[in-house]
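In the two assemblies presented below, chain A is common to both, partnered first by chain B and then by chain C.
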Partner chain A sequence: MSRRPGFVLEVDKSTPPTLFWNGEGFTLETLPEGSRVVYAPEPMKALDDPYAAVRHALLHPVGDRDPLPALLHAGMKLTICFDDISLPLPPMEAPDIRQIVIETVLDLAADAGVDDVVLIAALALHRRMTEAELRHALGDRIYDAFAPHGLLTQHDAEDPDNLIHLGQTERGEDVEINKRAATSDLLVYVNINLVAMDGGHKSVATGLASYKSLRHHHNPQTMQHSRSFMDAPASELHTSNWRMGRHIADAGVKVFQIETTLNTNTFPSSFAFLQKREWEWNLRDRATYAASSASLRGAPPRVARQIFHSIESPHAMTSVQAGEVEAVHAVTTENVWRQQGVDVTGQTDILTMGLPYICPYNVNSIMNPILVACLGLGYFFNLYRGKPLVREGGVLILRHPTRPEFHPGHHPSYIDFYEQVLTQTVDPVAIHKQFEESFATDPWYVHLYRTGHAYHGVHPFYMWYWCAHALEHLGRVIVIGADPKAVRRLGFSPASSLNDALEMATDVVGPSPTLTHLHAPPIMMADVH
Partner chain B sequence: MARTARFPLAAPSWPASVERPAPDRKIGLEYDHAWSRRYPVRVARAMIMDNVARPVARVLAPATVRGLEHLRHVEGPVIFAANHASHVDTPLVLTNLPVEFRHRTVVAAASDYFFDRTWKSVLWSFSLAAIPIDRSKVNRRSADTAADLIAAGWNLVIFPEGGRSPDGWTQPFHPASAAYLAHRTGRPVIPVYLHGTRRVLPKTAGEPGRAPGGSGTESRRAGRLRRSPISVLFGAPLTPDEGENTRRFADRLEAAVATLAREVRTDWWRARRDVSAADPVAGAAAAHRGPDAPAWRRAWALDAPPPGGRATTWP
Partner chain C sequence: MTSLLFERSLPRFAAARIASTFGSGRGAALGPLRLVEHDAPSLPGEGWAHVDPVLSGICGSDLATLDGRSSRYFEDIVSFPFVPGHEVVGTLSGDAVGADGAALAAGTRVVLQPVLGCAARDITPLCEWCAAGHVGNCGHLAFGHIRPGLQTGYCADTGGGWSTTGLVAHSSQLFAVPEGLSDADAVTTEPVACAVHAVLRSGISEGDLVAVLGAGTVGLTVTAALAHLVASGRCPAPRALLVGAKYGHQQRLARELGATQALPPDQLPRAVRRQSRSLSFGGAPGTTATLSGGADVVIDCVGSAESIAQSIAMVRPRGTVALVGMPGRVTLDLAPLWHREIRLAGAYAYGTETVPKVRAPRSSAARSASAPSATSAGSAGSAGARTGGARSSVAQVEEVSTFALAFEVVAALSTGRLVSATYPLTRFEEAVAHAGAAGRRGSVKIAFDITKGHTR
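Coming up: the complex of A and B.
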């Protein structure tokens, strides 16, 4: 059977209850008649032979780039950079795409007699990956060949000795990136495009940048003018990155970009019901739902978290393209939309969404309240092209437990942001002005970022900035089933049930509002007409 | 008051706005029945056929078989084209076939009825060596399957009417059935007339949507087996004449079966003589489609003795 495209269901009397993610769990909610539910397209067919496809892409680049073998020669300095733990979500079953691509690149480099090769995880201001995470992403063969010799490194945005300032763009934006990468004869960037936002010039200009460079586009003003940042032409975030990327190219940094796309086969067969339409649940799906939701309800959050974070996604590669950054990214974006695009007609008064246990910044970690806000208002809200799914002044209803729990090793600055900043204001612009600088330059956070596995001190600010567009657009944000104190701290309204939330929403959008539910994950992009 | 289970404990209801897709199961025309012709399955089927089905058939529907001599001079594979009035037609044809044909015969069965559930597909494939065919239209897949099996040496039992007769009178033969397969494979067709099977197991009144026809004359005993004698008549093998198209050949087949039908009630000679001399094909076929009259008169005419009285009395 050919795969089915995305689908917008109009809820009627016969519609069974709809699945809502609820952090480390899920629940079924009965939506009012006339509501719409947006379902993701079914997974595209995976490439039959990923290794052969990667090799073909490297030998047949797009844009103004020679085939990779022609760019490799003995005595050259080669740096291979790759996306970090934040992609893909959930982490994919071995072999990871990065392993497949980098092994192929290294095969060609070995054939060409290249000796000076360094691998860099493009972390930007994210936490450093653990050995287990690196081994999972790259495979033991690569890890054991490079890590013991110090040739597998992780980008350090606070290492003055390994950063190079390449000047400023025409808008005065500082371009400061990893020195080893910038001074190499060839920089190969290995990307995973989970969503349309990823890749392009953002890979190098963000992934290998320093705080000095990142602050030019990771700020409330840029985010408010990125509508959405899943739609590069309409995204100020991308416009800034593109300026920087072109500046990097003009500075003589030769980038060979390799981008890959994934299908929406997000959950293993044991959780197949999570990506099925409810009326198509079979006996096994229903039994799995009943058993898993009952056991998760009774499990301590820590145990439930461990269960969910052990999930490895059966994501499969649907395309790979290599060559010049912009030409590659144009093909990639088209492939991402082909997999994830759903046509939706008209906006809605109320948008509902159940938030899952994972976002790019809590892999093998805890989803703290700031990340909940970022996932709902930053990521899911922005899964659109054209217009947001919810109208201006509309209401966003989230479902997530939103416990005030933090991973002290991964998110130390988040704790202080939650306690010291959000207690003062939730306005992204005010936060940016009053607090960002002190957190970004705090030596303790810098130390934890550089030596431990902590996100940079400024990272919670960026998470809040991701929400800036939604905060400006929405009339109200309501969170169901959450810790009321935590929700109020975020500036949102708590509700105990969907009916209560809908009742509260009518204060903002009036009686008889329209309602749309985003049935994600699996990830989709709403093309709102 | 008993409480009914709700989703997810109960199966989900289906949104009215969403078209319900065909079940994603390998049933119907998609059913893979190759297993039913493997040797161990054939042996098992033959043992059941000879040791269970035939004795039961002898008790339930003692048969008068005529025309077996036609089969002695024909080499398989052949196509048996029979009239169809009851679900017991298939097992009764099979159990009354000579042994050299019986165990190497497949049966064309309606995919929408006999292969609409997995258990039914397995049951009929095993017990009758049934293969699914599309009776609503010409279907390349089912035609290919049947033709391939004939080419592989299997005899085929097929009911060219496409479904059971609602009242016992023969319905027009589909040209895309036995006639088409004979044209395509070059194998002879043996006309078969089954008489009395409608009394053994009548067509139920509750199935008008599943088969063509439905005159309302179905018995109230519908669906219950009843012991009743039957007749099975085999006609002479027919092959398409030079230049004869499938429609004409189908008419000729129908006429041959109709002639056999008259033979049941009279004798071979009178049957031949009664068929219109001017147009034996059209006349014979029309003769067994019954009068154009209300249901009771059609039923009356079906069981009426032929003019001149029955010839089955002792001379």
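Coming up: the complex of A and C.
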């Protein structure tokens, strides 16, 4: 049977209740008649032989790049950088794409007699990965061959000895990236493109950058003018990264970019109903939903979190392309849209979303309130091309428990951001001006980022800036079933039920509003006409 | 004519102690405090006057006494039975002389500086502390022609504010209430004076990071005092004032009164760490995380073992922890205090403060309450050297009574807003229970309105 594309359902009397994610759980909600539900396209067929596909891509690059073997020679300095724990979501079943790609690259390097090879996890300001996470991403063989010799490293954006300033772009943006990567004869970047925002020049210009460099595009002004992040030509974030990427190339850094795309086969068979359309649920799906909902309702949040974070996604590689950064990314973006794109006609007054337990920054961790805001207003809101799904001045209704819980090891500066910044203001511009620098340069956060597994001190600011476009665009944000104090701290409004939320929304959008529900995950991109 | 009388009764002490385990202030119902018919105390001698209380506050030290939790240290400087109440605004029932030497006519509103020092005890010569104006440090609290008592409200001979029969006060204790201050403002003068003294005792320097732990009456008045003393050039300006306040209304008030940041107490160490840009170590179960740096000055307005330990953990090496909240017997690990050479400084009561001289004339409130012994360390014309605003020069200092400074704070920041509820004496059990649960109940200062619910 051929794959079915994305679909916009109009709710009528016969429509069964719609699944809403609710953190470490889910619920069914009855949407008003006439509402629309946007469903993701069904998964594309996976590549039959990923290893062969990767090898083919390396030997047949796109853009102005020689095949990889021609770029490898004995005595050279080779650095292989790869996306970190934030991709893909949820973490994928072994073997991870990074393992497949890097094993292939290493085979070619070995054939060419290259022996100065270093692997770098491109963390940017994310937390360092644990050994288990690195082993999962790269496989034991690579880990055991490199890590004991100090050849598997993680980018340290605060290590002055391993950063190099490559000058400024024509707009005066500092370009400061990992020195080992920048001074190598060849920088191979291994990317996993979960959404259209990932990859391209952003891989190196962001993933291997320092705060000094990142602050030029991770700020409220840039974020407000990125409409959306998922549509690079309309994204100021990407425009800045592209300027930096070209500057990096002009500075003589030779990048061989390898990008991969995934299908939307997001959940294992035990949770298959999560990516099915509700009217197609069979008896087993209904039973699984009922049993899992009941058990999750009774489980303490910590236990529910453990259950969900143990999920490994079966999503599989649908394409791999390699070569020159921009040429590669153009193909990648096309493939991402082919998998995730859904045509939607017209905007809506109210957009609803159920937020899941995971976002790029809480893998094996806790989804704190700031990350909830970021996932809803930063990521899901921006899953569009053209126009946002919700009209300007419209209402966004989220469903998530939004407990004021934080992982003290992973998100220490988030706690202070929540307690000491959001209590003063929720305005991204004011936050940027008043607080960012003190957090960014705080020696304790720097210490924890460099030596522990903590996100950088400035990271919660970036999460808040991700929301800047949505905050400017929306008339109100309502969160259902959440901790009311936490929701108010974020500047949003709490509601106890969908009906209450809809009632509250009418104050902003008037009576009889239109409503659209984004049925994600699986991830989709709305092409709004 | 009734008074709340606190008698020595061991069974009732024990009952109060047990009752207080169910919450602060619960000891009032079962303890040694009783509402009794009571005659007005007689004047102990010359220089004394009768004062009819109008409002009389309930202080944390009163609660500790009623709950049987007071330190035994005080046993010999208290005499029984006594009428509590040392935060008093009242009216003079006859002509008198104020602490500044000015004549005060009958009916004048006065507040009480309650310490019963050498002057009140008719002891000559004055002890060295009273002679220096530091009446709070008087060494003669158990001697003289009146019975022992560190303050009015703890002395069997003077009466106290929780009484319709009035109290007697020595002229050294009387401060006329400046015009424009309400009774609610005036009744906060005594706690504000304590706060003024604490701020000035804590040794704050320009650019310091100051943390205040606790935001009940003590913490909030300390916040207000610091803010105003800085604004008026009486105290060096800290770069930030962080206040640990448990309840929302306390956080709001702290911000209104001048805190840079007000946040829950468990968040205070994190805020101090952030402001001091220091590292943090320790914090395993059973221990307190310590900062590599920390606040220059921590003002502990709680006085519990936990708050003192937290204060020590938040202060920088060689910094100062000022204890303003009345502590009792506490168990503390003093290793960090020793290792980091931290100064632990008590701050009690009031007297005379040495402060920078300011050019701008003080308010009439302050002038009317100037200490009689106020002197200038500089020449009479030296104030003219100050040209750049209140804080431009601190070369000249003067001695000013703590109450004079307190009146300035009260007037500038309307600290009467801290008085959340008043009760008649007849409802003393409710009043004390309310005071004991003030934070939880969204309140700050609870006072007796002596004019309510009875005729004099």
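Note that in this section the second predicted complex is superposed on the first by the 529 of 529 C-alpha atoms of A that agree within 3 Å, B and C clash if a C-alpha of one lies under 4 Å from a C-alpha of the other, contacts with A are read in each partner's own complex, and residues count from 1 in each chain.
Basically, a contact is a pair of C-beta atoms (placed from the backbone, for glycine too) under 8 Å apart; a residue touches a chain by one contact, two chains touch by 3 or more.
All values reported here derive from a predicted model rather than from experimental measurement.
Within the superposed three-chain model, A:28 lies in touch with chain B and out of touch with chain C [touch as defined at top]. In the overlay built on the shared chain, the residue A:279 is in contact with chain B alone; chain C does not reach it.
More chain A residues lie in contact with B than with the other chain of the pair chain B and chain C.
In the superposition on chain A, contact is made by A:16 with chain B only, not with chain C. In the superposed pair of complexes, A:289 makes contact with chain B only, with no contact to chain C. Applying the stated contact rule after C-alpha superposition, one finds that A:420 touches chain C and leaves chain B untouched. Annotation: chain A has no residue touching chain B in one complex and chain C in the other.
Across the interface of their complex, chain A is touched by residues 7-9, 11-18, 24 of chain B.
Residues 415-416, 419-420, 423-424, 438-439, 441-444, 447 of chain A touch chain C in their complex.
Listed in rising order, the residues of chain C touching chain A in the complex are 261, 263-264, 267, 270-271, 273-274, 277-280. On the side of chain A, the complex with chain B involves touching residues 1, 9-17, 28, 278-281, 283, 285-286, 289-290.
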